[in-house]
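Shown next, in structure tokens, is the structure this report addresses.
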Amino acid sequence: MKKRIDSALLEAENAKRESDLNSDYAALGEKLARADIDIETITAKAGEFQVAVPSWGTGTGGTRFARFPGEGEPRNIFEKLEDCAVINELSGCTDSVSPHFPWDKVDDFSELKQQADEYGLKWVSVNSNTFQDQPGQEHSYKYGSLSNTQKASRDLAIQHNLDVIEYGQKLGAKSLTVWVGDGSNHPGQQHFQRAFERYLASMEEIYKGLPDDWEMHIEHKMFEPAFYSTIIQDWGSNLLAAMHLGPKCKSLVDLGHHAPNTNIEMIVSRLIQFKKLGGFHFNDSKYGDDDLDSGSLHPYQQFLIFNELVDAEYRNQEGFGPAYMLDQSHNVTDPAESLINSAIEVQRSYVKALLVNREALYGFQEGNDALMASLELKNAFNLDVSPILAMARLRKGSAIDPLAVYRQAGYRKAMAEARPRDPNATGSGIV
Amino acid sequence: MKKRIDSALLEAENAKRESDLNSDYAALGEKLARADIDIETITAKAGEFQVAVPSWGTGTGGTRFARFPGEGEPRNIFEKLEDCAVINELSGCTDSVSPHFPWDKVDDFSELKQQADEYGLKWVSVNSNTFQDQPGQEHSYKYGSLSNTQKASRDLAIQHNLDVIEYGQKLGAKSLTVWVGDGSNHPGQQHFQRAFERYLASMEEIYKGLPDDWEMHIEHKMFEPAFYSTIIQDWGSNLLAAMHLGPKCKSLVDLGHHAPNTNIEMIVSRLIQFKKLGGFHFNDSKYGDDDLDSGSLHPYQQFLIFNELVDAEYRNQEGFGPAYMLDQSHNVTDPAESLINSAIEVQRSYVKALLVNREALYGFQEGNDALMASLELKNAFNLDVSPILAMARLRKGSAIDPLAVYRQAGYRKAMAEARPRDPNATGSGIV
Amino acid sequence: MKKRIDSALLEAENAKRESDLNSDYAALGEKLARADIDIETITAKAGEFQVAVPSWGTGTGGTRFARFPGEGEPRNIFEKLEDCAVINELSGCTDSVSPHFPWDKVDDFSELKQQADEYGLKWVSVNSNTFQDQPGQEHSYKYGSLSNTQKASRDLAIQHNLDVIEYGQKLGAKSLTVWVGDGSNHPGQQHFQRAFERYLASMEEIYKGLPDDWEMHIEHKMFEPAFYSTIIQDWGSNLLAAMHLGPKCKSLVDLGHHAPNTNIEMIVSRLIQFKKLGGFHFNDSKYGDDDLDSGSLHPYQQFLIFNELVDAEYRNQEGFGPAYMLDQSHNVTDPAESLINSAIEVQRSYVKALLVNREALYGFQEGNDALMASLELKNAFNLDVSPILAMARLRKGSAIDPLAVYRQAGYRKAMAEARPRDPNATGSGIV
Amino acid sequence: MKKRIDSALLEAENAKRESDLNSDYAALGEKLARADIDIETITAKAGEFQVAVPSWGTGTGGTRFARFPGEGEPRNIFEKLEDCAVINELSGCTDSVSPHFPWDKVDDFSELKQQADEYGLKWVSVNSNTFQDQPGQEHSYKYGSLSNTQKASRDLAIQHNLDVIEYGQKLGAKSLTVWVGDGSNHPGQQHFQRAFERYLASMEEIYKGLPDDWEMHIEHKMFEPAFYSTIIQDWGSNLLAAMHLGPKCKSLVDLGHHAPNTNIEMIVSRLIQFKKLGGFHFNDSKYGDDDLDSGSLHPYQQFLIFNELVDAEYRNQEGFGPAYMLDQSHNVTDPAESLINSAIEVQRSYVKALLVNREALYGFQEGNDALMASLELKNAFNLDVSPILAMARLRKGSAIDPLAVYRQAGYRKAMAEARPRDPNATGSGIV
């Protein structure tokens, strides 16, 4: 497998830390053993855990006010892929990439697939973009895409999604994620019901074009770019659409797309129960759809979400198998560093959720022992599983301390030289 | 029909105001005529509009901190009914009462029905109470009712709902509203999926006991009395339950039971579209589920909700026919005054929504003329329809100025004498 | 005075509507007279009311996702001024413009001032921009401006503000509005106290450069472009800064910059009481800092804010005299139309607040008659003051129906021809 | 010192766990040593950390809907004190009690003080109650206490606070916490400015009665029991009042009393900077002022708050010395268990904040290394400090596993027998 980080450097850095890691790992193993948990089982599961990187996340994001680009940003999908490779080499838990079209459209998809193959990266959910007008686009999305009152705009948006499926097939992806910016800024601007009917009719056309072994994931979002109403404003509308369209259509949960105070883990449970959980866009937020680094503000909430996911796994819940992806905007950090760290934070939540004694928890729940039930979760969360995560990385040839290696390697600086700024760079950083 | 407000007083007060009203009504009529709106048609519709009064709303409410009771509060359902009669006599738009059990349970329902008949009041949706333990109750609802892990508590809650249906049949009601306080305060306390499964199984039992011509309305609520999760936390879970249970089960929207910033009118549209809008609990709120007087803080939101309702009526939307009820807590006002005023504020929203030129609006929507579409709504809202409301009241023998007559009549003072305080009074004021 | 809308057209359109207006005005006058309100006094006050237009508001706004420009947008401050002139000609209540630098920087300010003079437009609060890097800027604001840890960036930001004061002096403005995007996206990124100390020290330098007859207004904002913390996150920090800097520094309230559910009218009252209310940025929002058209979603809230302002005026509150400005983003409407309509909606709130009987209100407040107190406000709000607003416009030569005239005049279409799109156009639409 | 938990039991339980604890402690010590942190220093500081228990927290709380009392609840302040003793014996970090009057008023305060002395418990901040009417109270607080429009009600509230100071002096307390329920439910009900002026005038009277070595702490609260406005709605009004009153008056932060999404740690920083941080009421919440167990939902937020506190300590910030208190409502758990666990969770946040390398953090902040700065905090948070907390407890004779000992001791069951239910029990559980 092609590597972008010098193996000698990686090994040297790991060597410095290995003894301490072994010591911490042994101590944790002993502690877990007392609770009848085999650390090796957990470490093995940690090593299997993967979360996809969005191609656009490798660039510096911005706000409506400004964007402060960093140096050495990728200028096209091939360079984005290079950064994804680095992220995966160091973190060991991001073996797939989710592309966005038309940003990542290339003339020769086989070339692109080959580069990914060389890096050991797979392609997962493909994303369509009908929230921007492209240069020379004949019919605008200003007033909506799949739900536009004008057939011409809807047809364009439908065809674009069908094209994206085709690109995805060339890359070996198996699902399409549909998020649209459709909605309204003024009460009265849209007829809610008619707009939803148009949306569903358009989605039916796309659904028809879905290969048999594909899934389609609908993403809901409370607001922005539309500020009074969005066509799929919450999981309720999302679920109605997914049920309307059929078994290959499921709902995708982006952590940032909810009303203040929403209990997201409960929504996750409902979607699991009704076999409609398609996947996740992980990120964190304090105020709205802030797209901050995963787990950087509400690590316990992220853990509680994984508590639902691991519970469904434990119960062999029928039809369960969501896709995991990061979806963040990096405005003041090196995107590669944020993505490495965020992937590990997501993995951390997963591993902690594995430590919950589910039978004990069920017992407390059944007996209404609210405090002990809550402590069964909290105690798992309070454990420091860093040694497990580091050991899982070490064993698959990744870095014990990924950020230290990344900085040591001088990757960004090298890229700053290799990638002079290009004003025509595509779609990087927007989330 | 038996009256509780002296007719001579009412007529004298109306006489004082009739000439001014005629003048204002004529001016408004002329203005509306220019827009091809016949004021008489609107006034007739205003006169038909009714919103139910909740029996418990006639008492002073409180918070977990304190309750500051007023004088002359009703001490039982017969006295609550007296106050409801006054409210309807003066407002002319509250011809039905929604009772709550066991608070309003009596030995002889025929006596109760007869009193209501004499006042010209109907009984509408009956409400069950499984969020409190009653004295001597064998199995507690502390850890839930319909979703309790213990079968004994669930059975008690199911039977209570079946009993309430029976009481309702005796009174001539046609629907049951189910709101439960079930939920959790701690992450982990409840298994979300299992709790929901238990809830659905319990509700199936109640649904089976529903007479053929009845409906069952499920009420969702984001939080309180449970502060981490509630079993029916939003319209998504509400809809799933209503769809699971069958066509006689629909969703009820209480305006106060939503996350901050939620677009409630959009939820209303979705429920209409999917034939699942059962009814409303009207109130207003600034922070959470505050249960303030309807329209006292967000009159435009209330108008936008009625815009959806009137639109559904205009389009002859299949299966549309929601029940309207106030559901408020009056902590610092005379409950009768608040209920009179709130009913009229709800009626005001309805009447303003009637003034929207729907065909013009559809045209603006179709043409993406966002500003004109929004102004079509806003201009209707900006009109002062008070003369229409007053005229509708006058024509049916109610008061042009209901609060002036109420105060002039000295009703509360008289009640203060007639109803010495009773520490065993039942369930009044809690919302 | 130079006019941009054909006077003959304007007069012809007014003539069509004058008779109906007279009729509506007379009816309203009669109604108000019954409450001892002289409609002429109110109309005169309405005619004096003015709210400033932000130069940048004349362009189409956008979001971080996309911007869908409209045709005929202004490409520089001279063309923005043209649109401001149209807005004022038709609305009659926007006689001043608030510029933003460096977007509106010109070589010859006297030429700019002269053009404004010809249109009868004044310049009010000047705005600095240290939330974007300008091409070739030596020290970046990526990590903050006035609070940056690097002295070089702070000095640049200070000097820019001093420059902006100088530009403002040339234009005849009398105040500087300071909003900075400084803040952090990650816990720990900034030392809150040290950052605030640096901010205050920088502001002291700017304050020193303030002419004697100028004021400086600080704008707080809860989030964005920083998503974990902003340096002036709320009115508390705003007030502390304003008190620290001195009497010429006051706080500015932008309606969109608050936490969900915040009681903004109460903050307005506090700032009035402590003589620190500098001014307003009017807009409306549903979810966050949405920058929608003023009064388009929460007209009653806007009225309650004006209730505080008119009350302060009525009480001759010392040191009271805030500056009023619109600050909106128009993504799906013609900006000129939105600004015309919004200015009138702000004026509408002011006029309705004038109709409150303050002495009666004080009596209800003193006697704890909560319902009557609330109705004193609500009844004023329910009145339709459109005839007063239209009459005030007519009397000063503006349009009875401004939007009808604007469309009839074909202004935007003409501009589409006169102003071919320019990719280097400056700062229009961002809010 | 008098003990309520059998020492033999405690020692036996500790003995079972001591060896494992030593092993975990050693491993953690080794890990910390690598980062130049001496675990013994941290453990010593952990042992000194104390958070007060509110007397009312020892009873089961409720909501406006219902209260489901537990068995063996304390029926008066002497029994509450017994439970506080148990909580402190087991947790080792709650050596003081905060009483509430008139709930905890006794005839002979010396008797009460003596009982506390015997248990080794101190009395801290005393709390007044002017949000409820007491039986036979001559002037009601229905429409406010310190800000009431009626002098008689204000005088009563002032005198009550002066009385509470007197009680506190007898008990050896040194501060008074003032929270009032004053506010309004309707726009217009209160004149914001006049109400605030009355509040300040009343507070001046109380301030005058404050002994020289006392502090007065003002508590802000966004809403409830008033649902439209509260007199001290946020830290802005709180600070204005505290500054107005004088140096002995400071602000108290209750974590649950804020608008959604508020950055509370930033408010803490501002209060520290301006020497006005008086203390804390710790709890957690998801939706509003939910009063759930501390750290049960947002442990990272609690850590970030302690990061500010420890930073102020580290910088020897002038005038810094806040009082820590729990303030929770326990509706579905044994209050003693919740208080034990919550106290430890608060202590946990403190200890984790001690592990932050402040000089390294300052370096990252100065250099705008946002990711490393955030990880400096996150890494400290991710460490499992349970062994430190347990060791601190063990060394002072408390329990390694307090809840296990509590349950083993059968305390609640014993109390259920010793304390038959008393309907006249005072004020327990309300928060």
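Per-chain numbering from 1; labels A, B, C and D assigned in written order.
Basically, contacts are C-beta pairs under 8 Å (C-beta built on N, C-alpha and C of every residue); 3 or more make two chains touch, one makes a residue touch a chain.
The chain list, named the UniProt way, goes like this: A, B, C, D = L-rhamnose isomerase / sugar isomerase.
Predicted model, so just to flag it, every value in this text is computed and none were measured.
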**Request:** Would you kindly say which chain has the C-alpha centre located farthest from the C-alpha centre of subunit A?
**Result:** B
**Prompt:** Can you give the whole-Å distance between the Cα centres of subunit A and subunit D?
**Reply:** 39
**Item:** Length of the line joining the C-alpha centres of subunit C and subunit D, rounded to whole Å
**Value:** 43
**Request:** Please list all residues of subunit C that touch 2 or more other chains.
**Result:** 142-143, 184-187, 189, 222-223, 228, 260-261, 263, 286-287, 293, 296-297, 300, 332-333, 368, 370-371, 374, 378
**Item:** Graph class of chain-chain contacts, one of line, ring, star, complete, other
**Value:** complete
**Residue numbers on subunit C that touch subunit A, as the complex places them** = 61-66, 68, 131-133, 140-143, 181, 184-187, 189, 222-225, 227-228, 260, 285-288, 290-293, 296-297, 331-333, 430-431
**Prompt:** Which positions of subunit A touch subunit D when the two form their complex?
**Reply:** 20, 23-24, 27-28, 30-31, 34, 260-261, 263, 286-287, 293, 296-300, 332-334, 337-338, 341, 348, 368, 370-372, 374-375, 378, 381-384, 386, 403
**In the complex with subunit D, residue positions of subunit C that touch it** = 142-143, 149, 184-194, 196-197, 222-223, 228-229, 233-237, 239-240, 258-263, 265-267, 269-270, 272-274, 300, 304, 307-308, 311, 361-362, 364-368, 370-371, 373-374, 376-378
